[in-house]
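Both of the next two complexes hold subunit A, though its partner changes from subunit B to subunit C.
Now for the complex of A and B:
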């Protein structure tokens, strides 16, 4: 590991001033991804700015019924929070489906959104990778890609975003607030991640040195009837091969409101807006759910070894919406 | 102007099992390496060193964490509890005793991490935290009993290469029952701790 400086900060303005002064500095939250990547040499910061003690560690219920989540709230505290569990149960389930109890105690909301892909070529500094070394190539496309992207990828990169939390936040229209040395800004989470194109090394729309301070969830009554389902290669403590955050409101057998987002299929949490459009006002039955899944998945461009994900995601949409429809009318 | 080259070492003070230990560390030092290599506290084990096996589990401010991904310098000011701090004098923690009585191990290498994790699992469950196998996570739902399924899910961050999982699940269940009995009976734990 490369040697580095370390500074702990206690206010947001001090934190962003340090990053502004040193382009080789990085924010350290829980460290569950960054420290690991520093050990393997993927990340080589000259300085770490420890933001864990910033006063951003609370989940606030807003007057409109939404939530304002501080960036240093741990995954554990987010999943245990009564208002998260009551108003956005799929978000609590998504967080609980990720990592292990130990890692959830360390990891933070801001860090979760900015974690890096778990593509094996990205993690191995002896291999080419366009995300790590722009222009070096993507060995995954002709190599090991059984758990890579089927949506929104390019000839330059087929890596997926590993977050579970981000899938549920995307389904519920989360907005990311950040601070920079030049002032604050905000961006909807569904626009935070840049299209892959020929610049897979450019991952987010955040300005250089920006610090995520909050994630805001607008009120969403439909989210009270929501679920997160994650499919993995073992029962627990593994990244998804496909996941879904779904919320459904049904009245008189007709879909009144629906939210759908997919995980482990793209370089970002994938909001399934084409599927949502098909379902608006449609009968809440398996046939309509399958038609909605197909509408979303016509854009899928699977590689030789990950075509199973198209079937998997179709089945997940039908299964979870069917279950939510039953629960909505119970 | 280029930023000044930052110092890459710090003198730090760590609070470990209620004792203050001061040392100078290279910032690259993980809490795990500080414990084992610098402070001769070898109860905490190094397995994968990349946050995937749980052998290095300790408690930070009462919550379980993997010490291999925790920088020592960033642990300054936090209350660190290792396996060496779990017993009250000669009186083993009920979870330690349960692992012994039920053979919750084979080679024993992952055991300190299993026990630290289990002690925290029992507290998390008692605090009403749901898990990924809890069917209804809403706060109005009845909290799930600490079933074998719940234990397996909550302990999934601790791998056992010998595959002693059957006994580990039993030991965690008994440890939870004993801990609950002790708490409700309000046994004189403080006397033991003072002894």
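Now for the complex of A and C:
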């Protein structure tokens, strides 16, 4: 392991000034991903700037009914927050579906959004990977890819984003606020992650040295009737092979509002807008739900060994929307 | 002089009574030290550098830049490492795996082959330098493709004959009313003991001292003496606490590299494997592809059994995963053929892993039996009752005890098997389809020569010296109970010393033979000691010591089929819309000889069954064809069952003392995993109506099988 400096910061301006001055520095949140990557040599920062003590550890209920979530709120605290559980239950469920209790106690909201893919080629410095070493190739496309992307991938990278939390946040139109040495900025979560294209090593739209400070959820009455469902290869402590955040408002058997986002299918949490468009004003029944799923999944480009994800996501859309429709009319 | 007679406090009945681990408090408080954390003065740290090509030659090693890095003391590689001897008989008499003879030549036979050891003042410095070391290779094309019908496959003996054959298969198959002919596969699997391999070596007054984590210090000390051409008496290996072994903790490159570095630097050197290194250095279970053909009369009586297994090995050493061997014990047929074949590829050498042969073999044969029961419209247990052999199907020898059907009867009653509707795909609980399955289990039971010494101390206690290995099994506790009964004292009067090659030769913790082998030696020494104490001359301050050696007694055992048996039951829930499989409950009933300590025995058996869940649903090492290395070689990529996957598991046993053993022991180390995966796979069929013949039964496979059904 390469020797590195470590510094704890207590104010946001100090934090961004340190990263602005040192391009080889990284922010350290819970360290649940970055430290692993340092051990394996994927990340080799010269300095870690520990942001855990920044005053960004609260969840605020906004006057409009939305939530403003500090970037250093731990996953455990987010999932346990009463307003999260009441207003955005899928978000609490998504967080609790991830990792383990110990990891959730350490991991932070900001870190969760910026965690790296768990693609086994990316994690192994002895193998090629366009995301880690641009231009070295993507061995997953002809190699092991049964848990790789079916949507939005390219010939250069088929890795998926591993976050559960991000899938629910994406479904609820979260906006990411950040701070840089040149001042603050914000970007909708749906736009945070760049298209893969031929630059898979460029993952987000954040300026160099930016620090995520908050994630804001706008008010969304539909989110009160929401669910997160995660399918994985063991019952706990595994990344998804397919997941869904879904919210549904039904009146007189007709869809009045719907939110859908998929996990483990793309390089980012995947907002299923095509499916949402099909469902707007449609009857809230299994046939419409399946048609919506198909509308979204026509864009899928599965590889030889991950075509099952198309079936899986279709089944999840139908199952979860059906259940939400039942709950909405109960 | 103290006068002690064992008769005054005569106590029996420790064996068979639940007893917590005697070292349990030390382990849960952290007082128990493991090999990688025992302090040494002047300790240096070695870090292994592994090849990044799967086949070729080392052209050069750029040591100069690394030798200038902070704290670096030395870089050992094939041009400067001490020479070792490999022409000696290994554990089972055959040549040792040359993988342990590190840095002897420039050939690279697989990805992850040790090419150098960087030694530094701290572990972190050694690692950083090792990762910075540039090694130039002359790369050659590699072949890691393993598949059924490989043209280079050949029949091979491992610890059993490669091929057995009686009767003519084809006429018997042709005359059969019912035939099952299917291929079953199991993936590459890794031991992944919780404690990684770790060894510290140092020279002390002309004696080589190694503190290690292993399954037998006799074994490791003997091989190190051979490798370094040392007098066996000048090699001292200790291994007090071991965090799991499962077959992987014998002689491995880290010990040899540590000894080389300690010799070169003349100071203590520790080498620890990382989890990722374990995937290429610690051995593993070969993938298997197995063809099973069963032919039976309409009433289920077998006419033909043909079990042919293919596994792989490295290009440098022949190791056989003998999956077809289980059929030689379990079932007879007029025509009975079995074959274990291997193919040599550019991969690391596999090794014994819990239930070698039986674990993957039972998945195939016990799945095939379930398919035969379905075709014969017979209950799977009744099919096994009808095919219960009187003698060893291949050997013709009598069984020392075969209480398999008793296990099925007891298990069926407890599991509620009688109420089972055999038809598949009928039971539902919400989104889950439910099913139950069963399978038989067996594993060889044996004993190997061992020595023991027991000292009657002047204070009335006893010190038992037996070079056993407690790899987490509870061996230390079991031997305490055995010694207590043999000496007719309470267990708190017994102190067991183990894991130390100076205690003398003894069987390793392996082959499900440890406890039986050690208990035999302890019982023999105790008998001798009691005779001497009965003379009533009192105990001198240095105590009275009696020694035993069971070589002769074990050599006199009549040849018999000696095995532990068991019946596995599982209930599963399957969501065919997502492919998720959850085991809801398991029951295993075993005939495994006399149970010494019910507490730790249950722990062993439940542990094996839990591993069976992993084997059925999770475990799979993925080899990347392009590089020849692994994909996801860590515990995030290689899944074992999490707590949430492990439901209510019960293990129980039937009375089954071995008549030829002084304590009645057989062995429980491996039989718990055998048949477990088949019981789960059979339950998945009962739930869904779809057979899964390829492990693990992953969600994508269940989902697409449902799509295609």
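As a convention for this text, the second predicted complex is superposed on the first by the 330 of 330 C-alpha atoms of A that agree within 3 Å, B and C clash if a C-alpha of one lies under 4 Å from a C-alpha of the other, contacts with A are read in each partner's own complex, and residues count from 1 in each chain.
In this section, contacts are C-beta pairs under 8 Å (C-beta built on N, C-alpha and C of every residue); 3 or more make two chains touch, one makes a residue touch a chain.
Computed from a prediction, not measured in an experiment: that's the story for all the values here.
*Asks:* Should A:118 be classified as contacting the first partner (subunit B), the second (subunit C), both, or neither?
*Replies:* Once the two structures are laid over each other on A, A:118 reaches subunit C alone.
*Asks:* In the superposed arrangement, does A:236 touch subunit B (first), subunit C (second), both or neither?
*Replies:* Both partners.
*Asks:* Would you check which partner chain A:146 touches, where first means subunit B only, second means subunit C only, and both and neither mean what they say?
*Replies:* A:146 sits against subunit C, while subunit B stays out of touch.
*Asks:* After lining up the shared chain so the two structures overlap, which partner does A:248 touch, if you call subunit B first and subunit C second: first, second, both or neither?
*Replies:* neither
*Asks:* Considering only touches as defined above, state whether A:313 meets subunit B (first), subunit C (second), both or neither.
*Replies:* A:313 sits against neither subunit B nor subunit C.
*Asks:* Tell me the contact category for A:1 with respect to subunit B and subunit C: first, second, both or neither.
*Replies:* In the superposition, A:1 touches subunit B and subunit C alike.
*Asks:* For A:127, using the defined touch cut-off, is the partner it touches subunit B, subunit C, both, or neither? Pick first, second, both or neither.
*Replies:* It touches subunit C, and subunit B stays clear.
*Asks:* Quick check on my understanding: which residues of subunit A belong to both its subunit B contact set and its subunit C contact set?
*Replies:* 1, 3, 235-237
*Asks:* Spell out the part of subunit A that touches subunit C in their complex, as residue ranges.
*Replies:* 1-3, 40-41, 118, 120-121, 123-124, 126-127, 139, 142-144, 146, 231-239, 241-242, 305-308, 311-312, 315-316, 319
*Asks:* Can you check the complex and tell me which residues of subunit C touch subunit A?
*Replies:* Listed in rising order, the residues of subunit C that touch subunit A are 52, 124, 127-128, 131, 276, 431, 577-580, 582, 617-618, 622, 624-627, 629, 631-634, 636-637, 639, 641-645, 698-700, 703-704, 707.
*Asks:* Considering the complex alone, what residue numbers of subunit A touch subunit B?
*Replies:* My answer: residues 1, 3-8, 21-22, 25, 28, 31-32, 35-36, 38-39, 46-48, 50, 52, 76, 79-80, 82, 85-86, 89, 92-93, 96-97, 99-103, 105-106, 230, 235-237.
*Asks:* Provide the residue numbers of subunit B that touch subunit A in the complex, in ascending order.
*Replies:* 3, 5-8, 10, 26-28, 30, 49-51, 54, 57, 60, 63-66, 69-71, 73-74, 117, 120-121, 124, 127-132, 134, 137-140, 152-158
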